[in-house]
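Input: structures, listed below.
Here subunit A shows up in two complexes: once beside subunit B, once beside subunit C.
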Partner chain A sequence: MTALTQPATVLAPARRGRLARLRNLPWLAGSILLVVLLLGALGPAIAPHNPRDADLARSLMPPAWSEGGSWSYPLGTDQQGRDILSRIIAGARISLIVGFMAVAVAGGLGSLVALLGGYYGGWVDAVLGRIVDTMLSMPFLMVAIVMAQVLSPGIRTIVLILGFTYWATYARVLRGEVLRIKSQDFVALARVGGCSTLRILWRYILPNMVNTLIVLATLQLGATILAEATLSFLGLGVPPPNAAWGLMLAEGRQYVTYAWWLAVFPGIAIMLTVLSANMLGDWLRVRLDPKQRQV
Partner chain B sequence: MIRYILQRLGQSIITVWGISIVVFMLARLSGDPLLLLVPPEATKAEVEQIRRAYSLDKPLPQQYLTYVRGVLRGDFGTSLRFNEPALPLVLKRLPASLRLASAAMVISAGIGITVGVLSAARPGGWVDRFGKAFAMLGQSVPVFWLGIILILVFGVRLRWFPTSGSETWRHLVLPAAALGWYSTAAMTRITRSAMLDVLDADYIRLAHIKGLHPFKVITKHALRNASIPIVTLASLQFIALINGAVVTETIFAWPGMGRLMVDAVFARDFPLVQTAVFVASILFVATNFAVDLLYGYLNPRIAYT
Partner chain C sequence: MTAAERAPLLQVRDLRTYFYTRAGVVKAVDGVDFAVQRGEIVGLVGESGSGKSNVCLSILNLVPKPAGRIVSGEIVLEGTNLLGLSERAMRTVRGRDVAMILQDPLSSLNPVFTVGDQVGEALRVHGRVSGDLRERVIGALQKVHIPGASTRLRDYPHQFSGGMRQRVMAAIAISCAPKLLLADEPTTALDVTIQAQFLQLMRELREGDLGILYVTHDLGVVAQLCDRVLVMYAGQIVESGTVEQVFHAPRHPYTAALISSVPVLGAKRRRLYQIEGQPPNPLAPPAGCRFHPRCPQADDQCRAAMPEPATDGNVTYRCWHPLNGRLSVTP
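Now for the complex of A and B:
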């Protein structure tokens, strides 16, 4: 909405050399995300304890550095005596699986709708456009809550729910991309050259909108992980005794007045993960999508 | 102009129709919505009686028509838990939600516009850098976590504000701050970007050259012209606030529509859930419609097509 007459603003003074290029990489975001990815991938192998191992004798132990804490439970224990660090590591895997898969479902469905609507135009576009409008006009959190309650709980359900509630954003943004690409000469040439519609969509249009898709997907990854945490927090996401971050917060909520670590550490885990995904998305946006540089 | 309004109105009506289908289908996702309606200890005869009472023995399209006919008459069904018509129940909770969302809006617009203007006035300065970090953080913190932390710090430790209830303005502070946090980040970003766009224009340079005080240039010349995207985003943020209110109201026990809806979900009170989702969606559509008109009014350069 701000791109009426503005020339592109200069972003940063161009630095030269390989060293400078290295310095411009999003180091902070990249390393946080890498750590979370490693935690998710290695999970059980590096967790100091079994995340589901409960023992009431050691419940609500504070973090190691406060009085009464122990270094064998660095971030303390929860109300059931489970190790918080191990649960946060286990939660990383759930957040990542749900986040990436939901983004894949939403991105896939959204791309398909965008391709069909943008390429065919006419009534196909009109009908799909109205459906997208409808989806975007609904309070997605409410819809997700209702779906989560109606369907049986589990990781697959959450992925489908988040995919269903988020695809319209992709469809809306990517449709514009399809329209832009479609009007370019190489697509017309391909059509003259006798390419089938499917081939044009798959080989010519899709590869050209991948940049936008990647930027959008990275930015949406954070939002999706937040949504999963919110559903889990409300008790409608991944069911216990799984160690989803949102669920940890929900379970520890009634104890937080005297055991602050129950709330603080899972929250920091969510925040750092989402923050790094958002920062990476912002960086990619500037790199891959010159049109959006000013937003 | 009239044609544009009518066209947008027509689109909005189609959207509402689409929403009615989604809302109708939501309760039927599980296969048999009857299982959601009856208490587990109901006998077979009672189940059949309820099935007939809700016309669930009819084919789906017919059920949908019955539902739509009811909605058009203002009959959204009867809440199972309260045994009262669902619509008045939801509407009774609406003012509390709107009050919370408005307070959050005031906070986020106040902070967001101020920080955004100051950031744009000196890009790369400390306000800008702080604002950028703040905006990044704002969009990454889960609302429910922020709510809990606010309760811990300002409610439990410092005892400055009450943590639940809704009687006085003091009750409003913490939930509004938690809810407004996310929007503050968005407001900061859009204000900064809109101001940067405007500050580059020739008439701003002229204003500087003729010796106007920089404060005046920014407030009188720049901000007024940057207001279009800001106002548009502010209205759209209002929608996000109503959406986010579901969580905030649950944490702070705020007696609004969002909490009513979450309670109804857990009580399996589906007529009430459907109504709450429907009313919230109508609010969305109405806000979007108003924004479109407002946008056209604020910016005559936008062509009505």
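Now for the complex of A and C:
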């Protein structure tokens, strides 16, 4: 009888109409990401100062609302007198470029491996599966440090590092999807209908796993941005004087006891962006899952 | 009428499809001969695992590899031996000359494309887009009686009912005007009224020259729909003939037993007939006639050798002791 004492879940009647649909959008996450996207896209056009414009005479100015702050440097300045707000705006572009490109590389590679392994099965799957296992068991930082030492520093290197370390997650999850889709009759009928293997992969399997890919990619976007910040923090990422968020965090670390704004504002930027990406991913997961969606 | 026109549409000779598993060789199809004429509906009946579906897969040369292999035989479609074709040539046969309908209407359509898109897919794959693709798609949907075809082609599969989806599958199958349609239990998942409508559709489709091989384990469907029937048991065809003859005067005890185990509406209430025992282990089928362990009239001859097909009028059977037009099976 214990099961019956649980309150019954009452499903709200599906609200129809445009207004109801608007209300169900992830407003908070969406608007934060939109702001970050706009900052990244417009960048220098809306930044109040040049993010690399140093002037030791105005170094370590506190935020505008603190004593000694000035509204021409709303979030204060760093140890070289560069405007923190402008540097965060410039960092948004780097974070987004790295995040999206790394997700694209990892997602593309992971999807390809999942399609090949899942569809062909047999020894192809066995070999690819072991490679995926190996990738997933390698410590991310060790691989990243080695790769960063070997390759020359820069955005392209970071994208490669992150793409290379994250593709296995996609491959693992999507392979299961391929197996599930492959066993359905419409794939068998495509064979019967004379479709080539390439066409079956492209028109029958890939479109049916795209939902999972989108959700995974959105959730991974946050992880990737965080990883980029980690690498930059460790000095393995975007080299100075670029204004990557992780780099700003690293540079502000030594001043944190008496100039907290150097590290806190880029930290908040990282947190809000990653949080929004994760919230959007969660929302998409529910939205794109036909079982959880109430039409 | 020329000789080529009189030759059957599909002629299968001595087809053997084996599966090589770790536990041994499974002879899923073991020496099957039959023909399908133009405009004819041939029923293929048998228990689960008797090799019905593997016959269809063999015709399309889609037996799951690497375990399954067509060991010997000929599958001649309009004078061409399909087993001699390259994979590339076979791809143009699939869907264009030979089409197939499957059992499960829920998973037989690609959920992410519209129905119109999927009916057009077959036409695009085989490059048969003469004139307006949209018109062709609407034509195919109208042929299978989908109401409001011109508006419904923008709908997705989940917006269709099971019976309608089965029709869409039929529309895809006939869109390229195939010569042979393989129907693998297409009505098993449908309820009886929808099933009757679908069988009516099958009858209409064969009005052209379409030959249909209709796989089922429903003898009622065979009786309503088919011209001839093939009865399969453990990978072999044990009896074949016109539906009328096979149903009224089965020669093989297995056929007779199958027919006796179907309940008859309005008949005196009694215990339904059942065939004793289990279908044979496919890895080690019994020697001699494969039905002998379950056959009430088996003797030493049956245990020793499988009889060769014997023909009597319109019926061909493989039995040492054929029944003489009586339905009851008694030793």
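Note that in this section the second predicted complex is superposed on the first by the 272 of 295 C-alpha atoms of A that agree within 3 Å, B and C clash if a C-alpha of one lies under 4 Å from a C-alpha of the other, contacts with A are read in each partner's own complex, and residues count from 1 in each chain.
Keep in mind that, in the parts below, a contact is a pair of C-beta atoms (placed from the backbone, for glycine too) under 8 Å apart; a residue touches a chain by one contact, two chains touch by 3 or more.
Remember, it's a predicted structure, so these values are computed and weren't measured experimentally.
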item: Room on subunit A for both subunit B and subunit C (clash or fit); value: fit
item: A:257 touches, of subunit B and subunit C: first, second, both or neither?; value: first
item: First, second, both or neither for A:184, with subunit B first and subunit C second; value: second
item: Per-residue contact with subunit A, leading partner among subunit C and subunit B; value: B
item: First, second, both or neither for A:267, with subunit B first and subunit C second; value: first
item: Touched partner set for A:229, first subunit B, second subunit C, both or neither; value: first
item: Which of subunit B and subunit C A:138 touches, first, second, both or neither; value: first
item: Minimal inter-chain CA distance - subunit C and subunit B, angstrom; value: 16
item: Subunit A positions touched by subunit B in one structure and by subunit C in the second; value: none
item: Touching residues on subunit C, where the partner in the complex is subunit A; value: 60, 62, 66, 91-96, 99-100, 102-104, 107-113, 121-122, 125-126, 158, 169, 172
item: Contact footprint of subunit C on subunit A as seen in their complex; value: 122, 184-186, 188-196, 199, 203-204, 207-208, 210, 290
item: Subunit B to subunit A touching residues, read off their complex; value: 11, 14-15, 18-19, 22, 26-27, 29-30, 36, 136-137, 139-145, 148-149, 152, 156, 189, 193-194, 196-197, 200, 228-229, 232, 242-244, 246-247, 250, 258, 261-262, 265-266, 268, 273, 276-277, 280-281, 284-285, 288, 301
item: Subunit A residues touching subunit B - in the complex, by the definition given at the top; value: 1-2, 4, 6, 9, 130-131, 133-135, 137-143, 145-147, 149-151, 222, 226, 229-230, 233-236, 246, 249, 253, 256-257, 260, 263-264, 266-267, 270-271, 274-275, 278-279, 282, 294-295
